[in-house]
Structure formats: structure tokens, C-alpha cells
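Below are two complexes that have subunit A in common, paired first with subunit B and then with subunit C.
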Partner chain A sequence: MNANTAFTLVIGLPLLGTPIIYLLGRLWARQNGSSNAANPARWLALLILVATGVFTYFAGVGATADYAGISLNFGGLTLTMDGLGLFLAVTVLALGILVTLFSVPYMQAEVGEEKFYALLTAMIGAIIGLGCATDLFNLWLWFEAMAVASYFLVAFYRDQKASLEAGWKYLVQSATGSTLVMLGIALAFAATGSLRFDELRLAAASADPLLLAAGALFIIGFGVKTALVPLHTWLPDAHSQAPSGISAMLSGIVIEAGLVAMLRSLGILYATSQVWGYLLLGFGALNLLVGNLMALRQTQVKRLLAYSSLSHVGYMLIGFGMAFAFAMPNGAIGGFFHLFNHALMKGLAFLAAGALLYALYIAKGHHGPLVLDDLNGASKRYPLTAFCFSLAVLALGGLPPLAGFMSKWQIFVSGFETGSTVAIILVIFAALNSVLSLGYYAPLVNRLYRGQPSQTVQEGGKISPWMAAPMVILALAIVLFGVWPSLLTNLTSRAALGLFMLMGG
Partner chain B sequence: MTTLQIVFLIIAAITLVSACLVVMTRKIMHAALWLVLSLMGVAMVYATLQSGFYAVVQVLVYIGAISTLIIFAVMMTRNVMEDVGPQSNRGWGLALVGSLILFAGTSAILLTWDKAQTVLQEIPAVNGENIQMLGLALVDPMGFLIPFEVASVLLLAALVAAIFLTADIKRSRS
Partner chain C sequence: MPMIFYLILSGILFTLGLLGVILRRNAIILFMSLELMFNAANILFVAFAAYYQVLSGQLFVFFVMVVAAAEVAVGLALIVTIFRSRNSINVDELSSLKG
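Showing the complex of A and B:
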């Protein structure tokens, strides 16, 4: 298949599919009222995502044939699938397809089920587009499209007070961030007279105060979505109140899409200042510490996982910081590797927690949070889910031979390669934080296997095979990439190459 | 201070005050109406910058179309004129400090930019040539006629679909 045709379909299919999924689902729901039968919207969404995945393969074959990737022109607008765009598309589609599968029983018979699938498809489409944008304005536009779809998904349980509050908080903070990015884009345009990445990069060589301000605004603005520490307060609420499939998407890929947008925009300002790399390293250290300390104090499982996302963003920031501050290729490759592994690991953790939440609470019609005490002895009633959950948290904690260890290791190696004292101290700090994180991951496993099952667990419902299948696939992938990490090297090193080409090095 | 600067200051004050009232007023209908005034202020800013075309488009699109849409949407919601309590919370002082710092920082940086020191000069009038070209391009088959018509059909379809989909909710309620 022609790579350009495939690329057009990769961009177009999810966006064109969104209204069709909604209309089909809505019309079907009107015909059938509130019956429990399967709404076809989910199958259409799944079909569209799988088809997009197949086309991504063909587009990827074309995009990897040459370092510049493949480009599409629509009038004055260019979309390029380079290594970074391909990497983001592969990650989001892999997680998105599994989340859609998982949501089949989870969202069954919820009011507005068709909206869920339509918005999920739109969000995935927007993230794919975000990776392929070639100018700042389109980057921002795709970023906003992703954000708008995610607001409604976070506040999906619209008659739950906590869910609406979380959605509102997310909306206000994220919109403020987007406004700051817009201001940054305006400053960059004022200083250079162009918004295209390649032209901006050439014009950005001098330390113009306008460009410095623009870079700072990009860090703050995209930092709200990436959950840099003082700007993270929306995240625990949004992650814990969203439907579990969406928690997995938010934590696994949406905040990382914000990170990719930040890296793209800072990459073109690379020549302007040395300070970006150090800022990323500083925020990385702060995220690690605050995320871990806050996670230690949580009593709700999904909030705990949400805070652990903060610390994992910290590892990625340290990796990318090494790339920006010391031009370490391993830092960027490790950062992207960790991004991919984190999508798998945190996706699995949220899906497993969601499966338990569904079986213990939602299937019985009430939306209580899943607290740590509910996990006690859950392995006796739910052996498979408990095993997958334990595997996910141990991988997140960085135990070899699971995937999380390999990517953290690569980031740490890049820190040692710099030979700089600051970087080495930072790596030791990150490694100690990794040990600290076991302080909340290990008790989870302990509870699952050693506690006595509570009343709630003993009365819990069954977990459908539709929920189990994505968990098993993710668990296998975590083990596979743990013992054979070089499988992904081609993808991650091309993503890093895409970033370095943007930086002009 | 020239007359233009005085006019600009008055327009800016109107725009900012009405923009603040959009978020501070307690009744959502009043918020929608203040938004119209704020958008009108932006149109006047365009007019003082000699962008007559943008001023007209701002009035037509934002005030004529989008504001009308917002007012219709507001009228469709319940409790249009209900007083729903204070519109601010305890943190408003911090938010104000944050916005002022951002404003001061951005202004300070823009003041260092040499092009910000340029004195505004009057642009010689061009008898609306560009606008005529734009108008012709919109109805020219070799220009933008097809995208223009496709957009119209799309909007029409969206309108019909919106009515069709919301009509169903009304019926099930009654």
C-alpha cells in the first residue's frame, strides 16, 4: 500500500469516524431505548481504531524508509509523520484499542455510551495529529482538540458530583494553560515572523528575550497538561473520577502527549537558550519527589496510581532533560522508551484497578472509590486480575526483568554518560526515588495476596473476559519488553532522532 | 496624547470591564450579553487599527452569529435568570496576583522589543481592493466556491442533526 495514502487514512479515519460513531450509536439508542443490548457504536469504534492501526503500519513502513519521514500537504498546511509522530501514533493506538476492548463491558448500558466511544476515537485521532504537526499553530490546534475531547470524558458520569468537580477543575486549569501556550506562540511569531518548525528553528538562534519568554510560556502552558509539579493539582481528581479506561488513557498517553508537544516546541527553541534542559531536569526531580511522597499517603487506589504518574513523568523529564542539557541521545531514547512502557504499565494498573472497581462497585450501581482495604485478599476471588495488577505495579516500581526497569535503566545510563556531577547526583536521586516508590507499590501486592478478603470482595461480581483479555495482552507485553527491550529500539531511537532533528543537531 | 489614543483607552476600558463582568455576573443571560459588548469592543479596536474588514467580520461573525448562538443555547438551558450565588471563591486574590504578574512580565518583555516602539502610521487607503478580491474568490468556481459551499452544507447538516437529536430528548421527557 502507498505510504502517503495510508498516512492520509491514519489522520482522516478517526476524525471522520467520530461523527459516524456518534450518529450510529445515537440512532440505535433511540430505536432501542434503554435496553441492555450491545450498542453498535463500540464495534464501529473498535473497527476504526484497528483499521487506523493497520494503516499506521503501512504509513510507518514508508515513514521509516527515510529520515525525514513522509509528508502530506493540504493547501498551506503540512503534516509530517517523522519518527516522533510514528512513535506517538503507535503508542496511542496500542493503548486505545485495548482500552476500547476493556470498555465494552465497563461502559455497557451507561447513559451516553455512544458519546464515550465517539470522544475516545476523536481524542486518539487528535493525539495522532499532534505528533505529525509541523507548525506551532497546528500543534496547538491538535492539542486543544485532544483537550476538549478529554474534558467530556473526565466528566463522563455527569450526575456524579465528584466527577463534575474533577471535570470542571481540569477544564479551568487546562484552558488557562492553553491560553498561555497561545500567548507563547504569539511571542514566537512576533520575534521570528514564522510559525513553521523548520523556519522558526533557523530564526531562533539568537537569545531574543521574546523567544525566552515564549519558551517559558510553553513550559508552563504544556506543563499543565504534563502535570509538572506546581501545576498538577487537576490530575489526581481527573484520573480518579474518570471511567477507568479513560484514566488509563489520561495517565498513559494524554499527559505524555502534552510532554511531546512541549518537547517539540522547546526543540525548535533549542538554540535560543541552554536553560530548557536544566528546567526539565529540575521539574523532573520535583515531580519524582512530590509524586512519590503524595502517593505514599493515599488511601484510594486510583488516586495512588494518579500520583505515581507524576513521578513517572519525572523520569521521562530527567531523560529528556539529559538530551536537552547534555545532548545525550540515550536520554531521549530512554525517555521515549519509558513513555511507551509507562503507557503499558500504567494502562494495565488502571485497567486492573478499574476491573476490580467495576466488579465490586459499579456493576452494583454505586460509584464509590476503590480503597486500599478493598484489595485485601482480592487474589483469592480474582486471581488473574490480582496477578496483572501486581505485575503492573512491580513493573512501575522498576523491578527487573519487567519493562519499567529497562527504560529507567536507560535513562540512568544516559545520566552517567554525561560525566557531570550534577547529572550523576540527579540520577542517584532518581534511583533512590525508585526505591521509595516500592514503599507504596509493594504493600499493594502484599494486600492482594496476604490479606483476608473483606465482605465487599467476597460479594463482588465476575470480571468479564472482555476486561481480562486486554489485561493479559498488556501483562505479556510488559514481560516481553522487559526481557527483550531491543524490540523497541528501532521505534524509540527514531523518535529521538525526530527530536534531535528538530533541535538541529 | 492624541485623540486616537484617548479613543483607544476608552474602548480598551469598555472591553476589559465587560469581559470581567462576563465571568463575574451572577446571571448567565447577563453574562452572554456582556460578552456581546466585549466582542463589540474588540471590533472597535480593529476599526481604530484601520482594519475595517476585520471590524466588519468581527461584528458579523462574532456578534451576529456566535453571540446569537450562545444566547440561544443559554435560553435552552434551565434557570436562565436564576441567581446562582457568588461567582468567585476564596482563591480569587491569588488568581489576581498571578494574572497581574503574568501581565507585568509580558508587558515588560514586549517593551524591550524594538518593534513595539514603532509609532503607528496611517496606511494609505487601497479602495477595498483586497476585500473585493476576497469576495470574488468566494463565489468563483476556480477560487473557493466549492469549499465555501461544502462548509455551508456541513453547517446545514449539523443544524438539522442537532434539532433531530435534541427533539428526541424533549419527547421522552414529556
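Showing the complex of A and C:
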């Protein structure tokens, strides 16, 4: 298949599919009422995502043939699938398809199921587009499309006060962040008169104060979505209140899409200042510490996992910071590797927590939070889910044969390769934080396997095979990429190459 | 008019908007402050599109308006739903999620 045709379909299918999914689902729901029977919207969404995945393969074959990737022109607008765009598309589609599968039983009894699938597809399409944008304004538009779709998904349980509150906090903070990004883009436009990545990079060689201000605004603005530490307060609320599949998407890919947008925009401004790399390293250290300390004192499982996302963004930031501050290719490759692994590990952790939450509470029509005590002895009633959950949290903690260890290792190696004292101290700090994180991951496993099942667990419902299948696939992938990390090298090193080409290196 | 005037006007609008978001507690006014911040960026775009003699800056403004409208539409939908369940749009009362 022609790579350019495939690329057009990769961009177009999810966006064109969104209204069709909604209309089909809505018409069907009108005719059949809100019964429990299967709404076809979910199958259409799944079909569209799988088809997009297939086309991504064909587009990827074309995009990896040449270092510049493949481009599409719509009038004056260019979309390019380079290594970074391909990497983001693969990550989001892999997680997105599994989340759609998982959501089949999870969202079954909910009102407005068709909206859920339509918005999920729209969000995935927007993230794919975000990776392929070639000018700052287009990047911002895709970013906003992703954000608007995710507001609805976070506040999906509209009869729950807590979820409305979480959606509101998310919306206000995220919208404020995007106005800051918008101002940054306007300043970059004011300084250079162009927003195309290539033209902007040539113009950005001097330390123009307008461009410095723009870079700072990009860090703060995209930092809200990426959950850099003082700007993270929306994250635990949104992640814990959203439907579990959406928690997995938010934590696994949406905050990372913010990170990719930040890296793209800072990459162009690379020549203006040395400070960006050090800022990323600083925020990385802060994210690690605050994320871990806050996770230690949580009593709700999904909030705990949300805070652990903060610390994992910290590892990625340290990797990318090494790339920006010391021009370490391993830092960027490790950062992207960790991004991918984090999508798998945190996706699995949220899906497994979601499966328990569903079986224990939601299936009984009760929207309570899943607290740590509910995990006690859950392995006796739910052996498979408990095993997958343990595997996910141990991988997140960085135990050696699993995927999380490999990517953390690569990031730490890049720090040692710099030979700089600051970088080495930072790596040791990060490694100690990784040990600290076991302080909240290990007790989860302990509770699952050694506690006595509570009343709630013993009365819990069954977990559908639709939920179990994505969990098993993710668990296998975590083990596979842990023992055979070189499978991903092609993808991650091309993503890093895309970033370095943007920086002009 | 010198360019610096546009920069100053945009800066003032942006600061007003940011202060509004931080200080005001009424959800609707909070959204109006967000709009001010978007418009501060719009003024820069239009002013510098004229300065560089390129059309793209003016084109961006329309997209910014559309996006801002989309954000506010979602936000208003949320406010209406929150108002139904709480009979208030004071954002200080939205404080059940902590820690």
C-alpha cells in the first residue's frame, strides 16, 4: 500500500469516524432505548481504531524508509510523520485499542455510551495529529482538540458530584495552560513572523527576549497538561474520577502527549538558550520527589496510581533533560522508551484497578472509590487480575526482568555518560526515588496476596473476559519488552532522531 | 502606531485575565477572564500579521476564537450540571476532592 495514502487514512479515519460512531450509536440507542444490549458504537470504534492501526503500519514502513519521514500537504498546511510522530501514533493506538476492548463491559450499563466511544476515538485521532504537526499553531490546535475531548471523558459520570468537580478543575487549569501556550506562540510569531518549525528554528538562533519568554510560556503552558509539579493539582482528581479506561488513557498517553508537544516546541528554541535542559532536569527531580511522597500517603488505589504518574513523568523529564542539556542521545531514547513502557505499565495498573473497582462497586451501581483495604486478599477471588496488577506495579517500581527497569536503566546510563557531577548526583537521586517508590508499590502486592479477603471482595462480581484479555496482553508485553528491550530500539531511536533533527543537531 | 503599544495592550489584557482566573470565585467570570487571555494573544497575532505583511496571523485568530468557544461550551455545560446538583457556581465550594 502507498505510504502517503495510508498516512492520509491514519489522520483522517479517527476524525471522520467520530461523528459516524456518535450518530450510529445515538440512532441505535433511540430505537432500542437504554437497554443493556450491545450498542454497535463500540464495535465501530474498535473497527476504526484497528483499521487506523493497520494503516499506521503501512505509513510507518514508508516513514522509516527515509529520515525525514513522509509528508502530506493540504494547501499551506503540512503534516509530517517522522520518527516521533510514528512513535506517538503507535503508542496511542496500542493503548487505545486495548482500552476500547476493556471499556466494552465497563461502560455497558452507562447512559451515553456512544459519546464515550466517539470522544475516545476523537482523542486518539487528535493525539496522532499532534505528533505529526509541523508548525506551532497546528500543534496547538491538535493539542486543544485532544484536551476538549478529554474534558468530557473525565466528567463522564455526570450525576457524580466528585467527577464533575474533577472535570471542572481539569478544564480550568488546562484552559489556563493553553492560553499561556497561545501567548507563547503569539510571542514567537511576533519575534519571527513565522510559525513553521523549520523557519522558526533558523530564526531562533539568537537569544531574542521574546523567544525566551515564549519558551518559558511553553514550559508552563504544556506543563499543566504534563503535570509538572506545582501545576499538577488537577491530575489526581481527574485520574481518580474518570472511568478507569480513561484513567489509563490520561495517565498513559494524554499527559505524555503534552510532554511531546513541549519537547517539540522547546526543540525549535534549542539554540536560543542553554536553560531549557536544566529546567527539564529540575522539574524532573521535583516531580519524582513530590509524586513519590504524595503517593505514599494515599488510601485510594486510583489516586495512588495517579501520583505515581507524576514521578514517572519525572523519569522521562530527566531523560529528555539529559538530551537537551548535555546532547545525550541515550537520554532521549531512554525517555521515549520509558514513555512507551509507562503507557503499558500504568495502562495495565489502571485497567486492573478498574476491573476490581467495577467488580466490587460499579457493577452494583455504587460509585465508591477503590480503597487500599479492598485489595486485601483479592488474589483469592480474582487471581488473574491480582497477578496482572502486581506485575504492573512491580514493573512501575523497576524490578529487573520487567519493562520498567530497562527504560529507567537507559535513562540512568545516559546521566552517567555525561560525566557531569550534577547529572550523576541527579541520577543517584532518581535511583533512590525508584527505591522509595517500592515503599508504596510493594505493600500493594503484599495486600493482594497475604491479606484476608474483606466482605466487599467476597461479595464481588465476576470479571468479564473482555476486561481480562487486554490485561493479559499488556502483562505479556511488559514481560516481553523487559527481557527483549531491543525490539523497540528501532522505534524509540527514530523518535529521538526526530527530536534531535528538530533541535538542529 | 509603534508595535510596543500593541504589546503593552496585550500584556495588560493578559494580566487582567490571569488575575481574574486566580482571584475571582464566580465560575462565569472565571471563563470571561480566560477569554480575555485568549484575546490578548489574538491582538498580538493581528498586530504582527500587519507588521510582517503576512495573512497567516489573521487566519490564526479565527481558529483561536473557535477553540476558545469550544472550551467555553464544554465549561458552560459543566457549570450548568454543577449548578443543578449544588445550586451554586461559587468555585470555592468545589472542594470535596483532597490529598
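By definition in this document, the second predicted complex is superposed on the first by the 505 of 505 C-alpha atoms of A that agree within 3 Å, B and C clash if a C-alpha of one lies under 4 Å from a C-alpha of the other, contacts with A are read in each partner's own complex, and residues count from 1 in each chain.
Following the convention adopted for this analysis, a contact is a pair of C-beta atoms (placed from the backbone, for glycine too) under 8 Å apart; a residue touches a chain by one contact, two chains touch by 3 or more.
Just so we're clear, the structure is a prediction, and the values are computed from it rather than from any experiment.
Enquirer: Touching A:298, do we find subunit B (first), subunit C (second), both, or neither?
Expert: The answer is second: A:298 touches subunit C but not subunit B.
Enquirer: Which partner, subunit B or subunit C, touches the larger number of subunit A residues?
Expert: C
Enquirer: Quick check for you: in the superposed arrangement, does A:187 touch first (subunit B), second (subunit C), both or neither?
Expert: After superposing on A, A:187 lies in contact with both subunit B and subunit C.
Enquirer: With both complexes superposed on chain A, which partner does A:213 reach: first (subunit B), second (subunit C), both or neither?
Expert: first
Enquirer: Could you tell me if A:52 is touching subunit B, subunit C, both of them or neither one (first, second, both, neither)?
Expert: Touch status of A:52: no partner.
Enquirer: In the superposed arrangement, does A:410 touch subunit B (first), subunit C (second), both or neither?
Expert: neither
Enquirer: Examine A:172 and indicate which partner it touches, taking first as subunit B and second as subunit C; both and neither are also allowed.
Expert: Once the two structures are laid over each other on A, A:172 reaches subunit C alone.
Enquirer: Quick check for you: in the superposed arrangement, does A:148 touch first (subunit B), second (subunit C), both or neither?
Expert: A:148: touches subunit C, not subunit B.
Enquirer: If we overlay the two complexes on their shared chain A, which of subunit B and subunit C does A:23 touch? Say first, second, both or neither.
Expert: Once the two structures are laid over each other on A, A:23 reaches subunit B alone.
Enquirer: Once the two structures are fitted together, what part of subunit A is touched by subunit B and by subunit C alike?
Expert: On subunit A, the residues that contact subunit B in one structure and subunit C in the other are 180, 183, 187, 190.
Enquirer: Residue numbers of subunit B touching subunit A in their complex, please.
Expert: Those in contact with subunit A are residues 102, 105-106, 109-110, 112-113, 115, 161, 165, 168.
Enquirer: Quick one: in the complex, what on subunit C touches subunit A?
Expert: 3, 7, 10, 14, 17-18, 21, 27, 30, 34, 37-38, 40-42, 44-45, 47-48, 51-52, 54, 56-57, 60, 63-64, 67, 70-71, 74-75, 78-79, 81-82, 85-86, 91, 94-97, 99
Enquirer: Taking the complex as given, what residues does subunit A use to touch subunit C?
Expert: 76, 137, 141, 144, 147-148, 151-152, 155, 158-159, 161-162, 164-169, 171-172, 175-176, 178-180, 182-183, 185-187, 189-190, 193-195, 236-237, 240-241, 294, 297-298, 303
Enquirer: Can you name the residues of subunit A that touch subunit B in the complex?
Expert: 23, 26, 30, 180, 183, 187, 190-191, 209-210, 213
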